[in-house]
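Going by the order they are written in, the chains are A, B, C and D; count residues from 1 in each one.
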Amino acid sequence: MGLTALAINCTLKRSPAESSCDLLLSQVLAELHKHGVAGERLRVADYDIKPGVTSDEGEGDDWPMFRQKVLAADILVLGTPIWLGHPSSLCQRVLERLDAMLGETDGQGRMIAVDRVACVAVVGNEDGAHNVAANLFQGLNDVGFSIPAVGSTYWVGEAMQGTDYKDLPQTPEKVAQTTAMMARHCAHLAGLLRQARYPAE
Amino acid sequence: MGLTALAINCTLKRSPAESSCDLLLSQVLAELHKHGVAGERLRVADYDIKPGVTSDEGEGDDWPMFRQKVLAADILVLGTPIWLGHPSSLCQRVLERLDAMLGETDGQGRMIAVDRVACVAVVGNEDGAHNVAANLFQGLNDVGFSIPAVGSTYWVGEAMQGTDYKDLPQTPEKVAQTTAMMARHCAHLAGLLRQARYPAE
Amino acid sequence: MGLTALAINCTLKRSPAESSCDLLLSQVLAELHKHGVAGERLRVADYDIKPGVTSDEGEGDDWPMFRQKVLAADILVLGTPIWLGHPSSLCQRVLERLDAMLGETDGQGRMIAVDRVACVAVVGNEDGAHNVAANLFQGLNDVGFSIPAVGSTYWVGEAMQGTDYKDLPQTPEKVAQTTAMMARHCAHLAGLLRQARYPAE
Amino acid sequence: MGLTALAINCTLKRSPAESSCDLLLSQVLAELHKHGVAGERLRVADYDIKPGVTSDEGEGDDWPMFRQKVLAADILVLGTPIWLGHPSSLCQRVLERLDAMLGETDGQGRMIAVDRVACVAVVGNEDGAHNVAANLFQGLNDVGFSIPAVGSTYWVGEAMQGTDYKDLPQTPEKVAQTTAMMARHCAHLAGLLRQARYPAE
């Protein structure tokens, strides 16, 4: 069975509003597809992921569906806009819900999310991509995801400017190259971990 | 008229659940009270602050009420638990809604939130307080708040342990001293800015 | 006696190499000058600030001279380039040496650096200014500095591009406005704290 | 040929001063040894790594020796104390020198550091480990290192306390378990990447 990827878009806007983050995620999934990875996109704002740090916060909570898809995929692509230099509140919400995985183990005592690869896609108007990537890397890695070489792709504009990624006349070449490299690395690492899982203690 | 403070608790739990952050905020308000500052506490989880970056996200959005109280107070005390080393999703939600203030000015062309003081109260089990304070300082300062000397108080336990601040037999002395100093500095700075507002251009 | 400012440039390059950070700091000092503040610039790379966390690391350590100037000034302007999204190693060195002030008090038991204002100037090619400001705000605030409304000014270019601030045909208008506002706020707050110092316990 | 690891200690103190970071790094290397990984430790403070962002800053620069050892090892263990919540200035210095690798490629056009695994060991008195790990993950990943599941181990004490890791009566069990798990994951991932290198474009 081929590798699969789940791309989670943490924009604050519900569908069908256009989203720069959505554009970048679709580019990541297109690159992953070239390496035989089948992808799916979910937009957090279209669902009701309740506040909390358990795997199921009860009635009306859409997280259990997300959780199932995260665990079913080999690759998690976490995409977020930058607000005030930080990941969006919906992105932090996803991390908080992933936090429950800290206490879950598989039959061999291994962390539940281990053997999965995570990467990051970040868009903002003008600054903050490295800080957002740093915080997502650490949060995702804490709960068991591995980060491939160059596990983030991003775009931001010049300081204090206002154009969006989705409104650029074309994707800057270096951004496209980084997206392609990240996808190549993700597919490679996920393939290795599929065949040779992390050992139990 | 005396100085006033608004304390916003960004715990993920609704009232009447106990909250370590609530305890720390009540201690901050008690110290502020000694300097003549009247305080009020709001718990974000008890309200519906909608995702978005405008001042009013429409039907059912409780942010306009928060916004009014933020602007009416001299001091904003932003309190948050730490999840995965970061401010809670509800705390980032508050920052995203404050973001709208970047584009609002008063009659003199000054930023709408200027002349107000902000401080930070952070609690977690084991790590992350400085990073959370750093991110909140920057977010709050970007939208116009001033930060007094030692504008944060916090508690975290030893690495990888699980006791909560609210379950400690007593508040550690150094934490209590820091809370008192922070409150003293907030009251002083808010008093100065009440009497001598930042000049317009 | 008029207000004074000390601007510390944490570029990795020694004089007389050109420095984007130097340009931004000179603009900050020019704006401060309009408000009657006399300024001085120091470039860390031209001196030998030794590793350590005491106020004097002995033979050949230039920090005692910096420390004296920091304490003599009303305003500290900490300027740094961005490397890998972080403050420069020389900037972190300055923070480490300021750390010793955590244990020093004046005759009234107040923190030694209290009553002083700090602001931040950050330049990089393409990303990281908010994160750097966040970390500097927190470090400087921890040791006793107050942060005025909008206490940072910065420039970065579009993601993954390579032009330097010093090579721009002209300073972007919004950057110049931010620099001017920050200086105005610094001068105002430093003036207030000169006249009404933070109270002792 | 067996796997090898290089552990870089970024304490501010020269040998033979005791270092908590050194203790944690020796524990990491001992765990790696159980998986057949031969390790070596270097303490930055004992050498002269000059400021700059090239691979060789000339006369007296010890970085070229470090660089050679980094590229010769399968695993880089970057260890740092926490100062003011941040990685030490010597740790940021190491990242700045690694930055030169952004522009270097091997014969196939791949990044020079790719196929290598990095992990992080962080010690402090009371807070900051997650933020330090986040920043090191991002910096190391940007230049091409892969991060295994749970790629950080750390110890900090309770908020505002002063005992050092090296002075604890014994290593806390959870810290020891995390160190062991991190080492197990590093050895596994480095073994996979030794046998199946990241593909070129």
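Please note the rule applied: a contact is a pair of C-beta atoms (placed from the backbone, for glycine too) under 8 Å apart; a residue touches a chain by one contact, two chains touch by 3 or more.
The structure displayed is predicted, hence computed values, not measured ones.
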- Note on the structure: Neighbour overlap between chain A and chain B returns C, D
- Chain of greatest Cα-centre distance to chain B: D
- In angstrom, rounded to a whole number, how far apart do the mean CA points of chain B and chain D lie? 36
- Rounded Å distance, chain B centre to chain C centre (Cα mean): 25
- Give the residues of chain B that touch two or more other chains, as numbers and ranges in rising order. 84-85, 130, 134-135, 138, 142
- Message: Under the stated contact criterion, what part of chain C meets chain B in this complex?
- Response: 111, 113-115, 130-131, 133-135, 137-138, 141-142, 144-152, 180-181, 184-185, 188-189, 192-193, 196, 198-199, 201
- Message: List the residues on chain D that touch chain B in their complex, please.
- Response: 84-85, 126-131, 134, 154-161, 172, 174-175, 178
- Query: Which residues, counting only chain B, touch chain A once they are in their complex?
  - Reply: 12, 45, 51-53, 83-90, 92-93, 95-96, 99, 135, 138-139, 142-143
